[in-house]
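In order of appearance the chains are A, B, C, D, E and F, and numbering begins at 1 in each one.
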Amino acid sequence: MLAPRLRLTSAGGGPIVRVFDANWMQIEEYLSRDDRIAVPTGSTEQHGYLSLGTDAILAERVAVEAAGPLGVPVLPVLPFGMAPYFAAFPGSMSLRITTYIEVLRDLLDGLAGQGFRRIAIVNGHGGNSPVTGFIREWICQPRPERVQVLFHSWYNAPQTAAAASQFDPDQMHGGWVENFPWTRVAGAEMPAGSRPVIPREQFGLLDAAQVRAAAPDGVMGGAYARPDEDMKVVWDAGVAEVRALLQNGWVR
Amino acid sequence: MLAPRLRLTSAGGGPIVRVFDANWMQIEEYLSRDDRIAVPTGSTEQHGYLSLGTDAILAERVAVEAAGPLGVPVLPVLPFGMAPYFAAFPGSMSLRITTYIEVLRDLLDGLAGQGFRRIAIVNGHGGNSPVTGFIREWICQPRPERVQVLFHSWYNAPQTAAAASQFDPDQMHGGWVENFPWTRVAGAEMPAGSRPVIPREQFGLLDAAQVRAAAPDGVMGGAYARPDEDMKVVWDAGVAEVRALLQNGWVR
Amino acid sequence: MLAPRLRLTSAGGGPIVRVFDANWMQIEEYLSRDDRIAVPTGSTEQHGYLSLGTDAILAERVAVEAAGPLGVPVLPVLPFGMAPYFAAFPGSMSLRITTYIEVLRDLLDGLAGQGFRRIAIVNGHGGNSPVTGFIREWICQPRPERVQVLFHSWYNAPQTAAAASQFDPDQMHGGWVENFPWTRVAGAEMPAGSRPVIPREQFGLLDAAQVRAAAPDGVMGGAYARPDEDMKVVWDAGVAEVRALLQNGWVR
Amino acid sequence: MLAPRLRLTSAGGGPIVRVFDANWMQIEEYLSRDDRIAVPTGSTEQHGYLSLGTDAILAERVAVEAAGPLGVPVLPVLPFGMAPYFAAFPGSMSLRITTYIEVLRDLLDGLAGQGFRRIAIVNGHGGNSPVTGFIREWICQPRPERVQVLFHSWYNAPQTAAAASQFDPDQMHGGWVENFPWTRVAGAEMPAGSRPVIPREQFGLLDAAQVRAAAPDGVMGGAYARPDEDMKVVWDAGVAEVRALLQNGWVR
Amino acid sequence: MLAPRLRLTSAGGGPIVRVFDANWMQIEEYLSRDDRIAVPTGSTEQHGYLSLGTDAILAERVAVEAAGPLGVPVLPVLPFGMAPYFAAFPGSMSLRITTYIEVLRDLLDGLAGQGFRRIAIVNGHGGNSPVTGFIREWICQPRPERVQVLFHSWYNAPQTAAAASQFDPDQMHGGWVENFPWTRVAGAEMPAGSRPVIPREQFGLLDAAQVRAAAPDGVMGGAYARPDEDMKVVWDAGVAEVRALLQNGWVR
Amino acid sequence: MLAPRLRLTSAGGGPIVRVFDANWMQIEEYLSRDDRIAVPTGSTEQHGYLSLGTDAILAERVAVEAAGPLGVPVLPVLPFGMAPYFAAFPGSMSLRITTYIEVLRDLLDGLAGQGFRRIAIVNGHGGNSPVTGFIREWICQPRPERVQVLFHSWYNAPQTAAAASQFDPDQMHGGWVENFPWTRVAGAEMPAGSRPVIPREQFGLLDAAQVRAAAPDGVMGGAYARPDEDMKVVWDAGVAEVRALLQNGWVR
């Protein structure tokens, strides 16, 4: 009958990190010795001259780079998030909060049902953070075994924010702080200079048409770009902070 | 002030296809001359020895290859689908149908609101097809402008199914018909031979534990693999059929 | 005190089939020796010159005739289904898919709670079939005892479809294949001849107004009628196929 | 082409009453001259020795007899209602209130969309009456044209209740007041005598198991039966009261 | 460490009644010896010249006065209820019935989870009564321990209604029967005389604009006011009836 | 006919502030000259030795004191919020986030429908803040007139937090920073000293039982009390900051 010859690491001998680079037998083997998983959450939304996928690309990449050396698997990024305020910029998608909650519920229920006990949501989009209200509720529901769920917005976590702020405190949506080699798109040339920052309090009161009027190119303030060596400092801080979280961010 | 120098095609001069390879200005420009978009839908679920992302990988790839020459943009694949029957295979995720409907509603509403009028859902997972019940309902809702929505399961569309059946009529989940170079995973060696086919009617009555018992390695029947040249025939048929749909699948 | 003299069969000695022809004591007695039930699902929607209740009438009748000799009880038909595309034809009703799912959930939960373990949904309306997405999910939910749920669209099941196709392959909505003595209405005279068939792919893209424009009298193609002796052949095949399902359609 | 020879009344010359006895063309013709419709709502639930369909059978029948002479169409009865307290009696079904509301919403939206402006819900089950909370909300929603919705529980409307009370004030669920020739089932023999009445306040606090314990045969009090001539008096009052409602129950 | 010196009654030695006048330790102590709680439900809606909070003020006050001598705690009033028909009167709020059900579900689940077993909802607004449909369902759900839930509309309970009717049978919304010293507002002078009563059947068919047209000052009929000594008789009856319910309204 | 003699201010000549101190005519008059309203949101949950209503009491009071001189009306506080983590402390109530969203939706829809255009939610409970995700969505929905919605957590707004931090940086739930004369309860004596602060990151991972174990008396850290003169400084800052928001917190 079946004589599967599975090797539970990748062909190169290193651990498999992306769930999409594994089959179920490899995940089952992993679960026999660990119970952590990373769940990147992003958004498909305007980022000025940068990719519409910026938040998703960064969340998935930072999770994969952080989890790699630890051998913690990473789900594919949830590419759609909550961004109703960008609806007037074509290509921006948004899930209603009631939808988003149910997606997270299904993912958490599924992971808990398969034996994951420490789930790190590595979030790349500020508009997704209200889902913490649901996660808090989910954690408190009766459950045969305790499951911990971290929600970590990698880009403004303390170490990463500090790494960025040393270069420039103005770090708004679509600006330099999201401008990595892997978020730039072909065929788009970034302007030089910077945009005035839109105050957060004001932004929260604007509807989609007003947001577009206030940020005509989608950048909500700050410089458009910084040198790649600066960006590497920010990125490395982000990866390190996610990795530390996956290692030590849990309650015993 | 702003002097953006956008080129509306990619650096190489070809059209941009993945929405994640574009910024909003490029999508806006596209919408001034076309109103089609492809939305790949997949699943994260066991596929025997193959990648847990098989359905998502294939749906996105077939959409991108088909849409490329046409310059029709392709959203990132929705990586999670409806697969409750695979819950006993670790790494398999599933959205409840009520969740899935709301995700699709939000995506369709968002696309319609931005001016897309012909939406092709390129589906890679059989378990997702009941969402057509919702799509039919969505199409019939009052709306200022008519929006067409196609739901195309690429792998069993007539031409593609015919291309596969010429090689072997046994084509079940996880078997040769999903075994492409881009769905194999490192560190897993496929057994030789084939599995007996589980009849569809019977499968529909099994719960998650019973499904695992009936398909111990996750493959639901048929040969594990076929030569790559056969697979290329199937793939080319799939790409061609999606492309024809994007071109001619609409009502005038 | 109470001295009920129940006879657990009908006055004529035959088994009671319709749940509405029974009281709860008779159902309780039945459950002590069997665990099957038939749940007919129909629709209230235009069928051209035929009754607005065609799908409901046929589903209930075929279930009752099939279940009769077996003594399996039949719930009253759920007369409303999913038919948003017929909204422009007066008298057509439609439940949203989210509503329909909850109705089915409640019925299945209720039946399972009372001890039914093999539930056959005998469906008379194609638009209802996406509910299988929910049924699949329901079957996989944790439950103290396994419950099987079949969803059988009687009119296009293999044997019945074959019986009809021997007469004429054109068998669309509202046409001859639904024209039984018990679906004709008083005061309506059917035209002679036939209507051109509307291709299914095209139909799926039309909204309610377009559907009415494409099928002005509601018939979506094929002949309006066939001789009663032909219809009897189709009907007998349908009854036999449902009966076989109730007997042998289950997994052990 | 099409030369339909419709007659807009039944073959016998009288008006068509049941929607299931009509096709869409006949309903369309009706809507050109009237805007009323009757929607019977019942329940599938234990009624002691009587049919599990008692509430549905009576609601539909009283609506049809009342509407007949007026030519107002009657939808098929919604056979499932809210009866969670009878779950311990096999054959009793129950929709959750959240489900029931959505079913009613869909029916009312559908009827309003097709031009019905005066909708009379003829209700046969007390447990359904909380849906009036939703109906009140529905009436107050913005709508291009005003739509009136009556909710009439035929069995305890003033005239009908008075007709029954002249015979016996004890008229509880499953007792004589529901015992008509058309709610009795074959194979069941009713005991003589009567059951003590369960006080309503107390009943409202009992769960399903307690309800069965309190009403072992399902009858909640009063005599099991009365002479058919008494029942005819009650019935005639019920029919007359529904008819008066259909004629004069509307606001101008 | 902690040395809390709690006294489990109020400073004055009497029992604490309002939950807001207690801390959790006092409620915990209470639960060690009793399992009752009162939950007042009101509405924020027009009451003619009276306070927009009339229903909430009265429900909370009658509950507190009734529960005081018994030492049964009283939750803060739920100030918003179902009143869609008053939307045209500024300051009137309304929850949809689907929202209201979920609020009640959460409160009941929370109370049951903490050990309350006899919950008395003291309701001050007629429009809230359809929630009994949900409460009936909630009571019948499986639950480790039985929980009783009473829904008592204090103002039209038998004794209270009788006390009011001895003065005047015309007792409609916004009229004398709700005009207590604690529902009058500063700066508003009540007209003398009375308003004609709007028949209930007619009222139920009106939308929000029609309701305002039918009751221009919001009073739906009857005298505007009665002497305070009459009102005291009504009030005392209301308090006594709620108290009797809290004491004896339960099933053993 | 009617000759109402309304004075649109209170008897004392000052503006009416609480909606419950007004009738609908007074609110209608107010809307003819202003479009602001304050909506306090609280929670019913353990606060150590302090009132279970602490968050609701403070939110309503700070709103009323702030709005008073401006004449902006204040709705009654929504006394229930999201606090699943305190479920193990008796008397704590919690709405699920899906419920809370619908309550807010109904309130915002109602206020917008009546002409309010600037709505300030004055929040007293940290657990409620995820509702901002919904508010952001609500603001972006199509609407005939623009409506602004502020969500202001008064206790940790910049000025108020600064006023408190000058006394002591340790300001956790249930501690001195919530200990005002109007949140203390009779019969409870506060311990002296302080509790060690539970780190926020850790707290977010705990379920209800673990929270109670980590904070045995419900206080999550910091001193139990401070002198009333210090508390007055904090309070005055809170009132001033809410007032400034009501005056200047809007976008033009």
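One rule holds for everything that comes next: a contact is a pair of C-beta atoms (placed from the backbone, for glycine too) under 8 Å apart; a residue touches a chain by one contact, two chains touch by 3 or more.
Note that the coordinates shown come from a computational prediction; the quantities given were computed from them, not determined experimentally.
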| item | value |
| --- | --- |
| Any chain in contact with subunit A as well as subunit C | B |
| Reaching subunit D from subunit B through chains that touch each other, fewest steps | 2 |
| Listed chain pair A-B, A-F or B-C that repeats interface C-D [over half of contact pairs the same by residue number] | A-B |
| Of all other chains, the one whose Cα centre sits farthest from subunit B | E |
| Distance between the centres, which are taken as Cα means, of subunit E and subunit D, whole angstrom | 32 |
| Computed distance of Cα centres, subunit E from subunit C, in Å | 47 |
| Centroid spacing, where centroids are CA-atom means, of subunit A and subunit D in whole angstrom | 55 |
| Contacts with two or more other chains, residues of subunit B listed in rising order | 87, 94, 96, 98 |
| Arrangement of touching chains [line / ring / star / complete / other] | ring |
| Neighbour-by-neighbour ring order, given that subunit E leads and subunit F comes next | E, F, A, B, C, D |
| Complex contacts: residues of subunit C adjacent to subunit B | 82, 84-85, 87, 94, 96-98, 100-101, 127, 129-134, 136-137, 139-141, 146, 148-151, 201-202, 204-208, 210, 249-251 |
| Complex contacts: residues of subunit B adjacent to subunit A | 2-12, 16, 19-28, 30-31, 44, 46-53, 56-57, 73, 75-80, 87, 89-96, 98-99, 102-103, 105-107, 110-111, 113-115, 185-189, 191, 216-218 |
